[in-house]
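First chain written, first letter: the chains are A, B, C, D and E, and each begins at residue 1.
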Amino acid sequence: MHELLYPIIVPAIAGIIPIFIPRKGKMVAGIISLAAVAWVFVRALSLFGLWELAYNVRLFTIAGIYPIDFSLRLYHFSAFILLFIMFFGLLIILYSLGFLRGKDTSSTYYTFILWTLSASAGAVLTDNLLVLLVFWEILTLLLYFLVNMGGEGHEKAAAKCFTILGFSDAAMLLGVLLIWLNYGTLSMSQLSIATGDTMGVIAFVALFIGAIAKAGAMPLHSWVPAIAVPTHPPVMAFLPAALDKLLGIYLLARLVLDIFIIQTGSALSLMMMTVGAATIIFAVMMALVQHNLKKLLSFHAVSQVGYMILGVGSGIPIAIIGGLFHMLNNAIYKGGLFLAAGAVEKRVGTTELDKLGGLAGLMPITFVTTLIAALSISGVPPFNGFVSKWLVYQGMLEGNYMIFLVAAIFGSALTLASFVKVIHSLFLGRKPDGLKDIKEVDFSMQFPMILLALLCILFGVMARLPLERFILPIVGGGAVMTANGVVETTQGLWNPGLATILIIIGIIVGLVIYALSRARTTRTDENIWIGGNIMDSEEIRIPGTHFYKTVTDDLNPVFTGAFRDGEKGAMDGYNIIGGLGGALVKVLRAMHDGILSTYLSWVVIGLGVLAFILMFH
Amino acid sequence: MEREEVKKRIAEKFGNKVQIAESSPKRVYIYAENDIWVDLASFLFNDLDARFDTGASVDDRDGVEVMFFMPFDREHYYVTIKTFAKKPNPTLPSISNVIIGAKWIEREIFEMYEVTFKGHPDLRPLLRADNRPEDFYPAKRETKETHEMPRSRDDGQERADEVAGKPPKGKNP
Amino acid sequence: MVKKIPIGPFHPILEEPEFFELHVDGENVTEIDMKIGWSHRGIELLSEHKTWDQVPFLVERVCGICSCSHPFAYVKAVEDLLGIEVPLRAQYIRLIAAELERLHSHLLWTGLAGHFIGYNTVFMWAWKYREPVLDILEAVTGNRNHYAVMRVGGVRRDLPQDEIQGIFPILDQLWKNNELLTGAIVDDPVIHARTKGVGVLGKAMCREYGALGPTARAGGYDVDARRDHPIDAYDKVDFDVILCENGDVFDKAVVRQLENFESIKIIRQCLEQMEPGEICAEVHEIPPGEGLGIYEAPRGEVLHYVRSDGGNMPMRHKIRAPSFNNILTNEYSVRGSTIADAGLITAAVDPCYSCTERVGVIDRGIDDRYILSEGDLIRLSQEKTEEIRKRFAKE
Amino acid sequence: MSLTLKALKKSPWIFHVNTGACNNCDIEILDCLTPRFDVERFGAVLVGSIRHADVLLISGPVTKICLPRLKRLYEQAPKPIKVIAIGACGCKCGIFRDGYNIVGPMDKYIPVDAYILGCPPKPETIISGIVKVLSTL
Amino acid sequence: MLDPIYIVYYLIFPGFLFTAVAGLLTTWVDRKVSARVQWRVGPPWFQPFADMIKLLGKEVIVPVGARRTGFLLWPVVGLAAATLASMILWLSNLWPGTSFVGDTIVVIYIMTIPAISMILGASASSNPLGIVGASREMKLLFAYELPLVIAVLTTIYKVGSFSFQAVLAHQAQEGVMLGSVSGVIAFIVAIFCTQAKLNLLPFDIPEAETELAGGSHIEYSGAALAVVKLNMAIMFFVMPVFLITVFWGGIAFTGWHILTSILKYVAIVVILVLIKNTNPRVRIDQAVRFFWGPMFILSVAAMVLAVLGY
């Protein structure tokens, strides 16, 4: 069997096993899945060393002239994405082992995770747009199943998610058809479409919709917040936070870099950047006022996509590098944040910010990892988010896109604000009376969080490493190494490593000050200082949800109105295209009878056929 | 409204349930029975347009005299309405539903003299320390005369010594 | 979700212990829960154990800022009971002390209000301008605070005729300073932003709550005991009652600032109209009866009600300070504001908690009722001298 | 004398507590800050939180309701702390000594380092009192 | 990757020691000028140092419910970051070669860390007043960040680079930013933002002595309070230098530049102190409205003028 088929087939086959394992044995299913994915991950590592690898099977030929190939192509970009898909898969399965213990979830959870990995690998490796579309659709379906395994309210969320992604897949289908009709080939490596004519633009926009819907940018973002609350946090960490970003932005980058020719400063480029900047600001504004941790994080998952689209869409090399690096960084810290949310949910049983507080002492590992991830996502140096954001800023400056630059920097400040709220409501602040016997989560859940936090630091302090290994080869180093390029980020005074060391020295200086003073021995006071009074602890516990009420309530009527509409979903593409969406839902509803085994049998049969064809062709 | 007219209208409305007296052209005293107490206050405040000022209470031996001051500013005189809540368990209807400003005054009188105001929205003691006993009404004559006031001071002896050296006592006429 | 923010009892915005529980939603105050009683010393009932002449010293200490208003209202209550008239010179001296106190109190409030909104420059300037007022008070009464000038029937201390001329230039300077300060407050856009439309207490609500003094007059509720129930020489001097319309914090500040000018006017008239003469009427015995004393203190109308049973101590002495009515209005005017404003609004009524919480009884443990004859007093004084002599002899 | 104590003499931060006084003492304390007296010359400032305080200026005869708060307040203050009783009521309950709601004077409950008498003490007296307390360090 | 000389830079000059001393002296200037405006004498010059040393000798109290480590560590993190910001600024000013392409952005980001650490410290203290202060600090932060960034970007736009070296070189060649209309407008905006960043009146809303009794640092005592105050002092020193660098040609210690540099610095500090002393505190919603309204429009106007070439 060809080397490139393993990442697709092994998870797919391994995924069949958990179906036959009863609920009680889901730990076994998990371990089997873990083993399978670990094996694939090692495979992907070895594949990463290879620069070019291709595999081609002619599936059939339409009308005798138009061949449809099942062609796979591994080159640097896809190898890098594949590697990280498997990496996240590994972490998520490991985390799920602990998370699902004691939960009434069937073993097929692992099936869906594995199949998702398989389909993602297929989507990344394929060189044919139609095959990509098929994998894309399978991913949508699997996401639907995964969401449906979640808690209360999952049906509606899953339907919304499926509708939006289904709509975008339809748009993609349109784009693929247009390309096929006009250019006669669907092989990505052979396409190079000028965007001067209407056809090209329409095709691009259609595919763009598919890419950003997957990545979750405005106005097609609303499925992410919708599924955030009912879905299991590891699934959120896996799909909307990590995998979908990798895939969506991968596709977008392929569109911009390979398939289409986008001029810097062209209308299309500006359109993409506007989408990016608007996504940054609006989503983070919504995040600011959320009351549920998972929902808040999901809005950030949307907001961060803005930076990637902004970077990639600008067509400026350094910004593209920034956008792609941000994609990777976002997957790391956003994954970490969702996993932390999962840890909190696992231990406390809720992610409502009002009901949480003071967990820092009870769950120290979760606290520290969340803090690192939060600082990273806010772009605070020396963590990884800063580097990628800064590259995007630099790109914007080069292109003189001041508006977008301001939007990006301001969005970053707002991100910081909303994470201050998160850190306060979850970990600092005052402990609610109910939270007493909270323990840190198991090591299997800690480990992924720790690893992701370490990556946040590593990719920030030694940003050169991931940039040179993963990102620069994609864009083609030459253009960037010059003048204002990346290489300079590690020169001059701002040396993230140096700065880190200096900050550590600064902290030591501070500690020395403490050591020289009476702070060596501190006294614990029974009471806080509130004018000499003692009050009921629960009454004076100010939750983080009170933080930004001024902004939403008092600022001015227009603003308040905008927030109210935002809560109701006025900025929601789902509602905007409500009529179309409603119709689509009806059609889809008609197709689905809601019985899991029906779906499963279809999928299994389909995969079996596929496997048969591939293996014995 | 002129003094004479006020007196006339009150006499018309309440008849022999009120007694009107004057100590000077600037001070009018109206003694009322308990059952027209709220009506009288409301009549003065709402119909005759008197200003609401404040209230006071005096503990006589048989009951607590509660009074409210309702001045007529333009005409430069004070109307004092008085009523008498008989002991034991002095009870009066509350006027704080008619005049919001009377809320705290009634609370204070309740705290000091144990006059229960029926219909008061929130009849809690106003100034009470958190460790003061519930049934302690400091200004009640009984409390003062029977010396049953709880002594929470922890310097009992020192204070007793101080008191021992106090000036000679006389009887209050 | 509503949470509570405690303000007080020992909080820098409150010079006196006071406790507000702000029920907040974000920064918005939905309700205020006021708990008073921190400086409740039981003065009303303490005064039932002081002789008629000692009581002014006690009621002076009801509140440090109103230390002329309470004795004034008290002596007026006793004089109302007695039905006597006070010598003219004493009336003017009383007015001078009272109006100087109003001046110093309003300046003090302006300074504190500046301090509350973080405008320390206003605080410092207002208090700098307040010092000359205290100097005059010291010249007139002998004390910076707690003037001890009132007594039943007149005043304790005459104002030396030769000092009067020295007071006029200080008053002129005060007038100028006050103009400057008023201008600074009325024209500052940031002060406007902070205080206009904040804590509005309209005319109707003023009437419902029985609000008094500048708090009421800022809302257009026209009460001023100096004009409505003139005592002593208030009907002999010419002054205006300052009225505003909106009842917000800004208007409360403006009313106070403008009243300062009226006070200066009154003091000047008093000084000019004053003629040498007696300063105290003879008072021998207080007959049974009841008396009502009303005086317009800086914060509003002070009401003292005394009842005598013919003894040498009041049988009942009811003190109602204006803050008692005004503080209650907070529960209306604070609602719906923000935390930042809540402090300012509660301060804007110029609350005086010491005034509010004076009620109470005496507890002397054994027998708390006694009266002192003149002979007793002499004997007491002699005993005390003996005691001191003995102590010195030991040393 | 250690350096920090020397510094303490140069920078006494004042926290002011009223335990039921008639607030004249409080006004005179505030008066100390104002242009005529200006205690900031000596490094003294009025602070808002007890945690920042070096000198507690306590006035008032201690009402019952204030007593537990006063004790707690003293515990909450960072040591070394100097406590100064201000005014006649602060020192000996003054005219309110016989009030039923008065449990003072405060030196029965917390250690007091200095008494500044007067009703109210003049600002000059208060300043001189603070300075004298600091000179005992 | 780590040149030991940087440790010396960081610890002595122009890092911690120098910045701390200069910052404390700046707070003295602040207090003295404020006192003079208020007709007072004001404290002697060594006052801030006496305060610091005294605080070191005081007890440190950790209230129950606060996390000891976090509570005490946050001010230190802020201190480290503030020092780093100062060092980057000064090194770029004195030895322009040490600049790197992105240091404006880096410094803007690093200068937010002290505020963030203050917020998290207040949050860790679990004091409701402190938490209200923290939330105000955060609201203020993202309120002023928008106009500040735009104001700084007018300079960056003209220069075409984020690097201080380029900013300084550009100003040396073509005149300081304050010489142009857009520069002046941006500078005014930046002054107001600085006022907010330093928690000076009218924007001392997070501390609000009379509302929140010290607000965000209400629970800090002793050495921890000293670090907090030092932090604020250092920021008081850093922000004017940042403004001078970005808008006013930077600081140089050669020849008569020594004098002009010091004069520039003192001028900005005095402007800040005068604004502080002639304004009352505003409400937080007013502050946010002020920065997102007039200041935003002004800064955008400055940007537009800069694009048009004024």
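Simple rule for what comes next: a contact is a pair of C-beta atoms (placed from the backbone, for glycine too) under 8 Å apart; a residue touches a chain by one contact, two chains touch by 3 or more.
Just so it is clear, the structure is predicted and the values come from calculations on it, not from any experiment.
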{"item": "Co-neighbours of subunit C and subunit A - touch as defined", "value": "D, E"}
{"item": "Chain closest to the middle, measuring from C-alpha centroids that were averaged per chain", "value": "E"}
{"item": "Chain pair with the higher count of C-beta pairs in contact (C-D, A-D)", "value": "C-D"}
{"item": "Centroid comparison with subunit A (C-alpha atoms), farthest chain", "value": "B"}
{"item": "Centre-to-centre distance between subunit E and subunit C (centres being mean Cα positions), rounded to whole Å", "value": "45"}
{"item": "Rounded Å distance, subunit B centre to subunit D centre (Cα mean)", "value": "38"}
{"item": "Subunit B and subunit C: spacing of chain centres that average the CA atoms, whole Å", "value": "23"}
{"item": "Sites on subunit C at which at least two other chains make contact", "value": "3-6, 9-12, 27, 37, 40, 42, 45, 124, 128, 338, 360-361, 363-364"}
{"item": "Subunit A: positions in contact with at least two other chains", "value": "525-527, 529-533, 540-542, 546-548, 550, 554"}
{"item": "Multi-chain contact sites of subunit E, meaning residues that touch two or more partners", "value": "38-40, 56-61, 128-129, 132, 135, 209-210, 212-213, 218-219, 222, 284-285"}
{"item": "Parts of subunit E lying in touch with subunit D, wherever the complex brings them together", "value": "31, 35, 38-44, 46-47, 49-54, 56-61, 209-210, 212-214, 217-222, 225"}
{"item": "Contact footprint of subunit A on subunit E as seen in their complex", "value": "1-3, 6-7, 10-11, 16, 55-68, 70, 72-73, 75-77, 79-81, 83-84, 87-88, 91-92, 98-103, 105-106, 108-110, 112-113, 116, 119-120, 123-129, 131-132, 134-135, 138-139, 141-142, 145-146, 149-150, 153, 156-157, 160-163, 213, 218-219, 222-224, 226-227, 284-285, 288-289, 292, 303, 307"}
{"item": "Subunit A residues within the subunit C interface of the complex", "value": "354, 530-533, 535, 539-543, 545-550, 553-554"}
{"item": "Of subunit A, residues touching subunit D in the complex", "value": "525-527, 529, 532-534"}
{"item": "Subunit D to subunit E touching residues, read off their complex", "value": "2-8, 10-11, 13, 34-35, 38, 40-41, 43, 47-49, 51-52, 54, 76, 78-80"}
